[in-house]
Amino acid sequence: MTELTLKPLFNFDEMTLPPRVGNGFTGKDILSVDQFDREKLKYIFARAHEMRELVQRVGSCELLRGNVVTCLFYEPSTRTSSSFIAATDRLGGRVIPITQGVQFSSVSKGETLADTIRTVEQYSDVIVLRHPEVGSAQVAADYSDIPVINAGDGAGEHPTQALLDLFTIREEMGRIDGLKIAMVGDLRYGRTVHSLTRLLTQYDVSLRFVSPEILRLPLNIMNTVIDAGLDVRETHDVADVIENADVLYVTRVQKERFVDLAQYEEVKNHYVITPELMQRAKEKMVVMHPLPRVGEIHYTLDDDPRAAYFRQVKNGMFIRMALLAAVLGKA
Amino acid sequence: MTELTLKPLFNFDEMTLPPRVGNGFTGKDILSVDQFDREKLKYIFARAHEMRELVQRVGSCELLRGNVVTCLFYEPSTRTSSSFIAATDRLGGRVIPITQGVQFSSVSKGETLADTIRTVEQYSDVIVLRHPEVGSAQVAADYSDIPVINAGDGAGEHPTQALLDLFTIREEMGRIDGLKIAMVGDLRYGRTVHSLTRLLTQYDVSLRFVSPEILRLPLNIMNTVIDAGLDVRETHDVADVIENADVLYVTRVQKERFVDLAQYEEVKNHYVITPELMQRAKEKMVVMHPLPRVGEIHYTLDDDPRAAYFRQVKNGMFIRMALLAAVLGKA
Amino acid sequence: MTELTLKPLFNFDEMTLPPRVGNGFTGKDILSVDQFDREKLKYIFARAHEMRELVQRVGSCELLRGNVVTCLFYEPSTRTSSSFIAATDRLGGRVIPITQGVQFSSVSKGETLADTIRTVEQYSDVIVLRHPEVGSAQVAADYSDIPVINAGDGAGEHPTQALLDLFTIREEMGRIDGLKIAMVGDLRYGRTVHSLTRLLTQYDVSLRFVSPEILRLPLNIMNTVIDAGLDVRETHDVADVIENADVLYVTRVQKERFVDLAQYEEVKNHYVITPELMQRAKEKMVVMHPLPRVGEIHYTLDDDPRAAYFRQVKNGMFIRMALLAAVLGKA
């Protein structure tokens, strides 16, 4: 198209990429935990397990060489964006971090999410989206020709968190089937609890839900658990479940949820994990938490080998590495 | 200089870079569209075209390995900074993104632009500067020993936008000479229109300027067009030009420009591109827009193959790749 | 742990990293200048000198391939964070830049520094921490299993600044012993002056402290200098030291420090470096400044070969490259 006779910059014959692999995820969006059946979970967990070994041995690889991952965060979440950035880095990909101030730029000029997505996809090979509105990830996926990974859409979904939670259980306990899993704290509003519970209905587990009365698990999720035929019970005190639990998944009971603060003061200690409580727990079990925590797990517990919440953070990076590699057809 | 006998870290004999290439851009600043004659445009477009092929085939290369590109943005522009970041990533270079909060740090302590530039150039191989003040890019270039690329200096220039606009015309239509190009909307304040028009005066094109009376093309640019001997006409309604246009370059008519809102309501529809209007357009033509848009191009038009505005975004990355490689002597 | 028979993604036998090198820094934190004796300084300076050669010749290397450096900045410091980012880039490592908005995210939810550190270390191989509180770097190091580099903890330490200052003296003058070094300006609050002075007590130097009465060097640092047996004097006017100084280390005298503005007006010119003053200085000497400056060094001096303050910035990158490579066992 040009009459200029330039020496070509690239010799494309010498630059080839391996073909994309069909793995059931290639080119797909990751929007919801409902996309994951046991077979798919098994696949992602196997890849995440390999990623752990990779990072331990050599730190990184070049699987995503030539790929650009845009982290488009409409609300700040340092924890999640850092995890995706680290995941991309360790796969040899590059990140465009639009993690701050999206609101100051095009969006403030009235651009729709759809247009922002269609703009960003021109530069990128995959979009990681965080957005405060439920359903935004689906909108993004509808408009995007490249894979969209939902990194949290408000009160909606945050599938990579649920996957890392489940992966942590599996890595720590060696299996999922047969475990007694207790969810503790705010079960009503806790998005992570809902998503993890939905994933767990695919396994043969016993579930214990421990919460104040006003923060009990929503009806629809409870019904899903019951429909799945799982052994399930609800209780108001973590002391009721501590002795038998293989997994204690702890979330925060926020004072703000209570109209009557006296009521909060009365119940709050039933959801705090103390060293004394842990003396009654099994020797082989794990305490998990989506973090950040504010007092609901005592700091003195951190050196207990059963405290898995920081290892859980690390597993998030491995899961995200596995997902990125999968949707890009590299795994 | 040290008496320590350390085993050297590097064997420089084995680490060599290809010599910098003299291409007319090597070591130069990119400040204004006025630097670009047809020969230079042809060169950059040929390189940008190669970049497209590179990205399509293998995603990235290592041309800028070892190079650090600092994106110094004194005002947010996610669109432009992301494009430069992606361009650098895909060339194998590294980015220092100073795209937020410049005002909070050294600048708030009273540091001059000159000192900031002389600081940043110590780390970097090229500086991409966005600054709200006209002429700031020239000041930066005066003080910098490394190339400065102007990514917008207020009401001044934004040369990479103009280059990507022209490149898009060329890629979409296969040529520039002989085309009928209509600029639509706010022609008075639209920086992108001014710069693109100035570039187009080097070609044999017909120009149509479509705007409300109060937003007509500034006198000096109109005179430049006339002096260039181009076929040119002004009109108030895009309907007047739709049938013959090969290129429709649309910009937003902002309500805020009108003192009399009744006047705005009266004329606004003359600058909106609808599917009905497009039925009267040629089959082979393109609609462009610098984005973001807010209603001036109907969303239903997005699937029309003539809608080129998102491809235009992608071309921005290719143009910036070509420019970065050129000023660093890699192309 | 999975029954899936997947083709393994990685052949670890072919992916090996060289073993970590024991260099006295490997795996250690860099928190204070007090960690550095002459032997350690010699080592770091020798490595930094190699880094300069590396950057000049080929721009970058792959020493930190596979390593992730998290820049965790609780207060903005574009200058310092950019320097660490460039250092990491030029070593082939990857950066997670948490340089803005830390306060908006987890921290605003009440997370402790300890928990943030233990979270971030899951993704990273080294943490570069900037925090407004004295002692925060030590807290971070206590909780982190990976090396922490203190990039400034309030009125506490900023060891990499002191190291780059001393390295600059050595690179510019070819030695440190035997030099006459004058510190000028705000010696009371100037953290950089205090740290550099403490490092200099390990050398055989003459020190001159030039400041307004109310901004004299703190007693404890003065005593340290005296205890080291160095030739030392204090004065109120830079004119007193200009003729003999080999190094003029200039800092800003802030108007805000003075209760009586008339007093400020009276003395301020005694701490400004002008071309006239420099005519009385030695031909071979250097003027340094930690930057940013606001008038205390005339802009007309910038072309004077003795003006070393921008070269000083570049040395910061080399020092940080050397430190990163050292703590990661790569040098």
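Every chain is named by a letter (A, B and C) in the order it is written, and numbering of its residues begins at 1.
Keep this in mind: contacts are C-beta pairs under 8 Å (C-beta built on N, C-alpha and C of every residue); 3 or more make two chains touch, one makes a residue touch a chain.
Keep in mind the model is a prediction, meaning the values are calculated, not measured.
Student: Have a look at which chains touch which and call the overall pattern line, ring, star, complete or other.
Tutor: Shape = complete; every chain linked to every other.
Student: Rounded to the nearest 5 degrees, what is the angle of the rotation relating the C-alpha atoms of subunit B to those of subunit C?
Tutor: Rounded to the nearest 5 degrees, it is 120.
Student: Can you check whether subunit A and subunit B touch via the same residue numbers (shared by over half) or via different ones?
Tutor: different
Student: Find the geometric centre of each of subunit A and subunit B from their Cα atoms only, then give the gap between the two centres in Å, rounded to an integer.
Tutor: Using C-alpha averages as centres, the distance is 38 Å.
Student: Provide the list of subunit A residues touching at least two other chains, using ranges where the numbers run on.
Tutor: 97, 100
Student: Which of the residues in subunit A end up touching subunit C in this complex?
Tutor: By the definition above, subunit A touches subunit C via 42-43, 45-47, 49-50, 53-54, 57-61, 63, 76-79, 82-83, 85-86, 89-90, 97, 100, 170-171, 174, 291-294, 299, 302, 310-311, 313-314, 316-317, 325, 331.
Student: Show me the residue ranges of subunit B that touch subunit C in the complex, using the header's touch definition.
Tutor: Subunit B residues touching subunit C: 1-4, 6, 8-10, 12, 15-17, 65-68, 70, 94, 96-98, 100-102, 104-106, 109-111, 114-115, 118-120, 122-125.
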